[in-house]
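There are two complexes below, and they share subunit A, which is joined by subunit B in the first and by subunit C in the second.
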Partner chain A sequence: MIKVSDGEIGSREFFAILYVMMAIRVTDSTPNLLHESGLTASWMIPLISGVALIGPVLLLFRLVKKYETGLIEITFELTGPFFGRLIAFLIFLSVFSSLSLNSRNYADIVITMYYPESSVLWILAVLILGAALYIAHRGLEAIGRTALLVVPLFIVTSVCLVFSTTNEMNYLFLFPIAGSGVTEVAKGGIGYSSLYADVIIAGVLASQVRTFNAYRKASVWGLWVSIGKMAIFLAVYVMVFDFHAVRNIAFPYHHLTRMSMVGTIANRMEAVYLAFWYAGAALHFAAYLYISAFLLGKVIGYKPFKQLLFPVAGTAVVLGMVPENYLEGGPLRMALLYSSSGMFLLLPVVLWGLDRMRKREKK
Partner chain B sequence: MGDFLKRLFEGAGGDQQASANDVPKDPFSTNLDDNGKRLEELFLFPLNDALKFRELTTQSGQRVKVLFVTGAADTDKISDYVIKPLLNSETEGKQGLTDEIMNHVLTISGTEKISDFQAAVLKLINGNTVILIDGEKEGIAVETAGFESRQVAEPTREIVIKGPKNAFVESNDINHSLIRRQVKDHRLVSETAMVGVESPQKISILYLDHIVDRELVKKVKDEIDQIDKAAILTLSELEELLEERPYSLIPSTLSTERPDRAASFLNEGHVVLLMDNSPDALIAPVTFWALFHTAEDQFLRWAYGNFARIIRTIALFLALLMPAIYVAVVTFHPELIPTDLLLAIAASRERVPFPTLLELLLMEITFEILREAGIRVPAPLGSTIGIVGALILGQAAVQANLVSPLLVVVIAITGLASFAIPDIGLSVMTRIIRFIFIAAAFFMGFVGIALAATAMLAYAASLKSFGVPFFAPLSPHMPSSRDLFLRPILKKQWLRPLSMRPRDAIRAKPKGRSGS
Partner chain C sequence: MKRGLWAIGVLLFVLFLSGCGARSELEKQAFVVTIGLDKGEEEHQIEVTFQVANPQVNTTQGAEAQNEKPSDTFTITADDLLSAKELAQSSLSREMTFSHLQTIIVGEDLAQDNLFHRIISSAMIDPEMRREAIMMVSKEPAQEFINANRPTMETRPHKYYEFMEDSWRETGYVPISNLNIFFQRTDGELFLAAYATAQRDPKHGVDEDAFLAGEVPQKGGDPVQIIGSAVMHSGKMVGKLNGEETRIAQLLRYHNLIKTMTASFPDPNNEEYRITVIMNQKSHTRIKVNTDQSPLKIEVEVPVRVQINSNLSLVDYTTSKKKRDHLKKSIEKDMEKASDSLIDKLQEEFVGEPFVWYAHARKDFWTAKDYVDYNWGQKFKDAQVDISYDVTIINYGEQLRPPTLEKLDKED
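== the complex of A and B ==
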């Protein structure tokens, strides 16, 4: 019998959480990184990342199925308390620094594109301390349910955006099809695979998903829908702006929304997209905050981890204020993505290897 | 000494009367006069003329006392079905006089044996007649309740054009019969609970035993048991006491005045509470969909019902967001408005000295005052107030340059939209949340609206009413007939929403044609 409110989430809610964690990346400066390394073929990079992630994700599924619990508990079980804590701390660091850097990034986008007279701190604080902290505080159920309610709207707005800019597209801009070269693109694909490592990070929540099948189904769907969306949007950016221009555009998504038109009456629709994008951002950061606090709780062995939400959010805002401007954050993000890519690709493999060794020892 | 301390701390005055529940459970004595005297004392006899009694002697010389409370009991019934048969009865020398009278003399349907004073008092205040017989340790309570009640009338809040037009009234019995008429099922259970320590009132808990989740019934009963109040007069009071979050904007129960709605909730596995004096039924648990749907959606044909629902969805969003969007667009995102309209707005606002927010709040508050005044205004004056409020005030405010004409349109649309929201709780909630959105829009434009909306959505989505999430079965997703924003045709509504945890989830499954 299905229990309605047992603190666990179903497959659709988990899918929605993964969607808000990953798919929103098309709107920030991630496409710039990918355009830089893939040029006209940047749309292939997410697909290659997806291929690179198949192995680790399948191994993770095996582990979760076998141990019937979340990623962190598995790590503690297999590597012992010390290394377990260390790995949990490393994951926490990557999640937390991504939270902090991205939140600054989002605040910068708003300041640059929409509200040039507001201060970064104000936007950051309202976004992270106000909305995301509140949503995360209501718990994982609330994040999942809210995400499930609004994700269909996000998908609809994305489709609308693509369709309302078809007039501006030129598919010939996608050629040469291999862009910067096959090896460059493949390297970029593997190097940036941590953009989708959220699917592995979200494994820490696996024990809070109702069934293993729900977890697996949601992970697979969350992964390919986000990758598909990124690939489509990268192609759209190149088709609309051409790759020379797109490398110099700071925030292609927001420039795209400025080109979106509905007939001749409403020809400046960007504020509408802004609203939906920011609702998504609040949920994105809520999920990140929740996972950060959850991991930190595991690291320091503190059960009521919800009390850590506020310090984590406050620190994220303060650290987000450190870079002088948006450009300083860029290299940091790149370094973060590259270093965490290796970690997330290897973590399930290492855990799986340890699991095998243990099995052999027992025999 | 102990007694004194007890009285000191409990604050019980010396001459305070015990409430009905505190009447000692002393058994009747065999002496008729003693019993009568005791009851007189309990009802403060010479002072209080409520308790009436009639002493009579049967054909065989047996002394009998008939007691009832005026106003509560129906005197015609008493004289026809109690006193007349008693006077004509022959009861001499028979054993078990009480049984004899109950079984062979009284010609009224409901009788019950009682043996102590507490039961007697409870029966009397509920309109029953108590018959005491000399020499017997037991009395008889006869159902003669005759509280004044009005006729079943049309609903006033939940009006439909097509569909049944009777509404609950203040009488519990009539309300029961209205529901039984809809749900002809022997498994419709009606349990009784008492609330109120000083003046206890009966509450009926109705549910369909083969559908409802047993835990839900237990939860509702537990909640009712925990209520610790002197007197509860209406269901609305009970509603607040049952609620898990009395401060919250979002209601956790629903009151309906339509028996057909109550019946359809019963069929989905909800619990319905009825109470004397309340012309409505309380439904628990409640979801957003229950607040958003109306009875008519199902009565109208599929397309018509869904058209109404689409309009209502739009109205809900307009009522919530229209003024906030106006503020956001005018102060932060003027590029959103087509140029011609933008110029028109600028021209109309040119002569208004106030900032947009102030202008908007002025108009909003005026409208809210109008609405509140409209409810209290005596009916003959209503139309006059409407004309003064809407026409003269609006026109004059624009001409006096207090507000711009466009804003009057915005407020009027918002007001109209909020009247389209069916449930009173949802409607008031929308009106209050609208002000939060206005503030958010004023501070941060669309970003503010988006963040406020997401946070509030997260709050609403995390709420539970008696364990059922507010947006279930949409989010969290549960199997159901998808009777949510739109409804499927009736043939496809064969599954009860699993979020209610029904014991029997499947209504009659369709055979053959799927209706497409």
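== the complex of A and C ==
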């Protein structure tokens, strides 16, 4: 059945968007942060993050179901225009800074691992201003459809990558089981839960998903698939490189693709993975760009928010050029993740509380 | 709107341009397949030998390059690998790339030096270095080794090392030693690197496999011999294991990387002769580590499957169960003896073990810090190690009875 395009997306498209937003993190320098804090137990950190997110996500589902609209509209409704704008602005700030910091991170990966002679500006321009801006400009439906096309390929390549490196793994490297200690791991799990806060951020798009059930289903699947993928890859990194060495490897995913072998002949597989990864990165930033522009539109009360895409993308590229190298971006990113973790864990709780209070007042 | 679309269309073309940013033509690249590292004359300097493959040889284009050698070898003295690579460009017309680098050969002198760990670790920072590259230690300076290595069958150097590595998996005389494993074991665990030489110093009267590189009695052929292993501790070479010890080291690991190996044992039923068998492992070696005890206790049980393919004594095993059992027992005893003497050697001479037993010990610890504080290498020195073999003889060759000559038998 051919449906007339109505700008809305279904559960599969929404799942694909969540997947490109979250699951691609296994390929950048996120695993380093987690390995540093969890050592051999780093694979537990995403699982703990997932547990920490269950409550807020369930509360968000209740709110979305009740108000039948997106997160931002709910915020405006419950907190009034001033606080609504403030909260929207804070979310925008976190999404946007993550966009510009991560885009720089991705450009650094390309320069370090593949094309050392290219310029950062060039890659950022191609990635953000070229591919991502183009996809985002076509609207949410286009992002969803494109993501739906490539996400199955990502899943297949990830599975291939894990299987083609099993020879190099030793499961015993996952021991000592508690890694850096229980408290450290738990702290990491909660502190880094904003890595999956995209599931809450994507709540701003809830009104553009066809039905509430589709939204809920896609969110749940997007969350656990991304967390599962992160946990599996963290374990794989430790099993292949061991925990001493993995802490020194800047981009473990890209080292892993180099070790991937199919038989004895095809042993330079990284080019295949690079192509898929680049497509994934473009989609990731397209989703981020779209949401940034959407939020900025809400903050300044500007309806045709798509016109904001270009300035947002341009600013992200300019800001991405500021750090001298990826080490300077690292601490900023960590601070951002930690501070936004608190915000995203609390936001649904606060909104839910306000909702309850209002109900009581009415009575 | 139309104008906006047009602008975006133009931006799309930028995507195609990304292919040109770091473009490099095949023709303009020089593929380094082997690197040799040696100590330089000045302190803190190294001599780097590059073996650059000539991709034109042995291809369909070979006719155009009939008088070109299959590879070019030269040595540069510099502070580190990266600057040597840059300096090499002064004499090389093509741009050098490590993307097909497979083998790193380290001269024994440098391997025993404290400098080596710095050299190899800093080389790893270069993203072009691949962690699956094989590391070998050569008895003589690596540059002499590379220059002397002129295999007749494999004119193309990258094929030579690739095939050699494959054959290691069939013999077990040489450990599988890539850089990834090297960097896993820099914290007190021992790492075994293949040991090679192009110098001959044949030893006779040794048991079939207790050779070090260069000692195998061989006449003619390629001067290079790769057998045995160099023991590295904390990134520094501290000793050597011969072919036999290296094999046992492979058997004592949980993951045995060797497919099959051929070994000979004295025939228990006729001590004059030796019996040659093909061995492989039917299942993983069972390893039990108990860190609660002091001294540390390690129990290892190695299941081995044996095929008898040569029987010099011509003892008839098929008809006598007693003889068969006797043979089995004697193989087990022989291997246990050899393993015990390897363990003694390791405990006396080195700190740590190369069998990845430390990974099994880790199960006993709750946090990574506990494990690091336990100091596995030192504890292993006084460990009580129990090794037992479980031999199954699965066949006695294709002949039911040794093909003896009736007459000779009667005269005996």
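Heads up, the rule we're going with is that the second predicted complex is superposed on the first by the 359 of 363 C-alpha atoms of A that agree within 3 Å, B and C clash if a C-alpha of one lies under 4 Å from a C-alpha of the other, contacts with A are read in each partner's own complex, and residues count from 1 in each chain.
The working rule: contacts are C-beta pairs under 8 Å (C-beta built on N, C-alpha and C of every residue); 3 or more make two chains touch, one makes a residue touch a chain.
All values reported here derive from a predicted model rather than from experimental measurement.
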Next on the checklist: I'd like to know which partner A:279 touches here: subunit B for first, subunit C for second, both or neither.
Outcome noted: first
Next on the checklist: For A:259, using the defined touch cut-off, is the partner it touches subunit B, subunit C, both, or neither? Pick first, second, both or neither.
Outcome noted: second
Checklist entry - What is the contact status of A:125 with respect to subunit B (first) and subunit C (second): first, second, both, or neither? => result second
Next on the checklist: By the touch definition at the top of the document, which applies to A:134: first (subunit B), second (subunit C), both, or neither?
Outcome noted: both
Checklist entry - Looking at the overlay, what does A:115 touch: subunit B (first), subunit C (second), both, or neither? => result both
Checklist entry - Between subunit B (first) and subunit C (second), which does A:244 come into contact with in this model arrangement: first, second, both, or neither? => result second
Checklist entry - Once the shared chain is lined up, is A:179 touching subunit B (first), subunit C (second), both, or neither of them? => result second
Item to check | Partner chain in contact with A:168 - subunit B first, subunit C second, else both or neither | outcome: second
Next on the checklist: Contacts for A:39 in the overlay, against subunit B (first) and subunit C (second): which applies, first, second, both or neither?
Outcome noted: second
Checklist outcome for this item: On subunit A, the footprints of subunit B and subunit C overlap at residues 114-115, 118, 123, 126, 130-131, 134, 268
Next on the checklist: Taking the touch rule as given, give the residues of subunit A at its contact with subunit C in the complex, in rising order.
Outcome noted: 39-40, 112-119, 122-123, 125-126, 129-131, 133-134, 137, 168, 170, 172-173, 175-181, 240-245, 248, 255, 258-259, 264, 268
Checklist outcome for this item: Per the touch rule, the subunit B residues reaching subunit A in their complex are 328-329, 332-333, 335-336, 338, 444-455, 457-459, 461-462, 464, 467-469, 471-472, 474-478, 498-499, 501
Next on the checklist: Could you list, by residue number, the parts of subunit C that touch subunit A in their complex?
Outcome noted: 8, 11-12, 14-15, 17-18, 21-22, 99, 127, 130-132, 162, 166, 180, 183-184, 186-187, 254-255, 356, 359-360, 362-363, 365-371
Item to check | Complex contacts: residues of subunit A adjacent to subunit B | outcome: 1-5, 9-10, 12-13, 110, 114-115, 118, 123, 126-127, 130-131, 134-135, 138-139, 141-146, 148-150, 265-272, 274-279, 282-283, 286
